[in-house]
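Chain IDs A, B, C and D follow the sequence of writing; residue 1 opens each chain.
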């Protein structure tokens, strides 16, 4: 199948290229970007020396598209493609939130194609694989929501976890994209850890939307405190999620519940120790450890992933596999780069 | 005043040497270590080339001692010194917990000198400066407790913060000391973030001891969930603390409360943005940002420090200054190494 | 083809596992190690969660073996396997030097199987692909020699480069293996760069052996000054090689000579700018840039590789492909992990 | 003495502020910058919270100035100050090269104040302390030249080292300054090492100017091949310099020559092992190790420093101390931040 990448020069776009160039069924036939149009991929990115494609200002002839543009720009480009019958995985935020008003409130822009929101599917395959399989347009989840939702889903949907939820997340710097700023300068981020966007991170409504969609009846909607942090590494994201257990449980029961929930999910591995972000470097895995803190009755639910892998491009390819009727793991089975 | 360092070869011992070598009133006259006895400090640590002292197996002639030995060994050495009338700041855990049984339960050893516990003072100057000034023996706080207690104290002691407290802390690797292990190997820690000791970290009883000592009457004891994490940096510690606000407040009121509480505390700076660990690299500062999350009523209380500075050796020198009647900031006023 | 890894717990052994687990023709059927025998690979290395093999103390039933043991131990194990007709790629130094006396002088041990030296082939495919294709025993090159020889070979074998050669090399820390020491501790290596083994690095005789084997007639043997350095990164190796040009040349001629020499070599890419180690992270590429410094007539010849990739496990798989009549690139065509 | 910093927002400017704020005799009374004028230093740089100065667009009332502006801008501002009788240490390249034409050729700009070149002194105190003591205007050396010249001077000026000199240097990223670019982005530099500016680095003419000024009579001028590299660390610079020994020598003789040359130079420490950049983190030291490679007769001369310390701001303060008749080490005696 011929596929194209829209916005190849960003961090997710580059990772998509890396994955698609060795995918057995997807053939990367065209790529676009606003900033380097006219140059060859192998000249802009010497490490992709096998890719002789020229970066185009605009593309549209492939059958399937991945868009890694920023929000708004992405919907502007993807909208017409979807209407022409192309299938699209959009890695921006444009098709993640089902509620247009919510999108416009958090992103402070008018949605370019609100009429497509109804058919768009939130591309978290562990929750929505049926819908994704028949979707034409998938809104690929953000990196934080992927980790947070996967860590919380079993305990929350079962009614074990209370509605006050804290997500304390630690991300590598590639989550901030390639735009050079004083804050993402090597000498600023090296040997540095800090919280940011403490009550306004745009990934928050994604987490609440998805958790509320799977909340047990009669339970209050989730009340989320989300604190993202930057840590000095390129890739990797760890979500440490807290919620009080509403019923008696034990570490063993909790592990069993999680293992059952994610049985047959090839990209979620439930482990019995705190997972390390490095275990997922460069691949599409999420490692999840649910922990029951006996003295306080707190659930401490951990998920580790590569923010560019399961948190972005890897998950996009997983979605594309499902949308195209291919095996879910195709092109995604490499082990992590370790050490 | 003649001072000695017991256990100079560990990470806190080395930092003590760095600070004491440029302290205007303390003269470093003797140092000991078990592993490198007989060699000169400048040969073992070429970067301390100005220090011609020989590392001794045992010392005792100075007037004032800093011990950076591991727990138990430290009390064994410090006990006799205290009894001879020497003043001691012990950086190990041996004299931090007032309750001998609690110590022996968490550390799984018999305390070598329980008779000294009563006179030992918990060396957090922002809470106990009077007692420290007259103490002969100070138990220097752990790195995590220093950050967590400083972040929580104003909101907790005033009754604003509820008794369910989460401390999600991120530490640089020097907190693990110099002992080489597979986990502290460069290639293991680089590009890696993870939680550890999820329900058994020994700094936990320190935090609860100190918070309970300042809890408002009629309030329940603190119920603490403490999750320490390692992040890939050498120095730096960030504590992100969560507790529900029990009363209506605002961001402005909260900041004001914190500023009032730490007025005239030279090593605590209350800031109005999330602090970065790098702001404190190599010095004795703690940067604190109290945040009120309006939508959920959560307090998110942040403290950043250098785990070897305010979290260990810097604070030890601050304590020593107070114990010796010197200005609290003496020898500690350098700006952070930034970038 | 059934393959086994001897010494899976070292850094090269782990990388071999990563590569072999996704190789289309090699099936990893057994693995051994001295330190973790009896445990499952997926328990020792959670990131290899798909590998259910148990680590054995000893193995021998596969058809083809990769040994990642230290020198001497490796030959002790590989010798009998070769004699039983198994094919072996040995990643240790035991079968790299054709001259037994030279080996024993540099490594200060008696060679366990000197009778096998004659049939062993130095596994640098860009120089010896014919011999490798028919070899039963391949001594896989060291990480530094791979980069240095590839950088120097075209200019040296053509007679352009003089016999005084300097190799100033910079390596990531994984080259030092997994053994924890004070020097490889995260807090020692982070923010640190230095030279080591300044006149006794054991990779030196490999470089001279191979360069002398391709030296032009009448030319003096190479006189090598080799300065290895450690830089604070996990993977990656850059060799900056210096030699005076003996004839007039130009940047264009030099590039052309290099491109011609490496035409049809899939894992060497000659580039027209200084290569970055990160371009090869996690794969088997070597990026080479020959530079002619006009004002001084110096050749400055650069090669960048992943020390665990082309410098170790990647090259071992490349050798195995050739030895087994498989396409040279099989299982090795992934793009680098970038960023 | 009242001192001012012109260009405080750059990397050298920030380091100057750090040093001057704790200097016993210099009082920082005014600071300027083009980008943040009107804001307080403590607001722009929270880690300098003790500094209440407002950043001015222009300053001129102090007695002594440090300029950390880029070249050309720096001379434009410093020229008038010098003419008014202020003393100036200029950290830009404007007053380093005595030959105006050479400056204009390498920097491709017209020199704003060529009439001041004659009185300007090259501020390397280990070579020019007498001249510096009476200078009104000092051109503070570049980071690479400082290390290279200090490493080479004893062997070169004595006639031991031949005139073909290679300087293979490795620098931390702060050498590139604070300007955010794609290349200095954290995710670009992390886990990356590479050469750059391979035959056009502007520090080259400084090195040749200074070496030629101390060359033995009858000896040819130096012929320099200079290869700067970036390595993934914030601070630190290692110069590995190569030159053939023209006479028989030994490791012991070489060390002795170096020790004699730098006797009584407080900021140069000659060591007997390869120095590590981290030994100088945050201070004004240069660690030098001269190595004689017996098999080839090569001298391998190493110097490690902090590029922002001895390579920039530390050396500027050292120069200022000398210019003001203060002890050379005043305000500069702190030990390195280690680990």
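Basically, a contact is a pair of C-beta atoms (placed from the backbone, for glycine too) under 8 Å apart; a residue touches a chain by one contact, two chains touch by 3 or more.
Remember, predicted model here, so these are calculated numbers, not experimental data.
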Centre to centre, using CA atoms, which chain is the farthest one from chain C? B
Chain pair with the higher count of C-beta pairs in contact (B-D, B-C): B-D
Tell me whether chain A and chain C, two copies of the same sequence, contact each other through the same residue numbers or different ones, using over half shared as the line for same. same
Between the Cα centroids of chain B and chain C the separation in whole angstrom comes to 46
Rounded to the nearest whole Å, what is the centre-to-centre distance of chain B and chain D, using the mean of the C-alpha atoms as each centre? 36
Tell me, which residues of chain A touch at least two other chains? 11, 172, 174, 187-188, 190-191, 232-235, 275-276, 278, 281, 339
Help me check something: in the complex, which residues belonging to chain A touch chain D? 11, 172-174, 178, 180-182, 184-191, 232-234
Of all residues in chain D, which touch chain C in the complex? 164, 166, 168, 170, 172, 187-188, 190-196, 198-199, 223-225, 227, 229, 231-236, 238, 240, 242, 244, 274-278, 281, 291, 293-296, 298, 300, 302, 304, 339
Give every residue of chain C touching chain A within the complex, in rising order. 11, 14, 17-18, 21-22, 45-50, 174, 190-191, 234-235, 269, 271, 273, 275-276, 278-282, 285, 287, 333-339
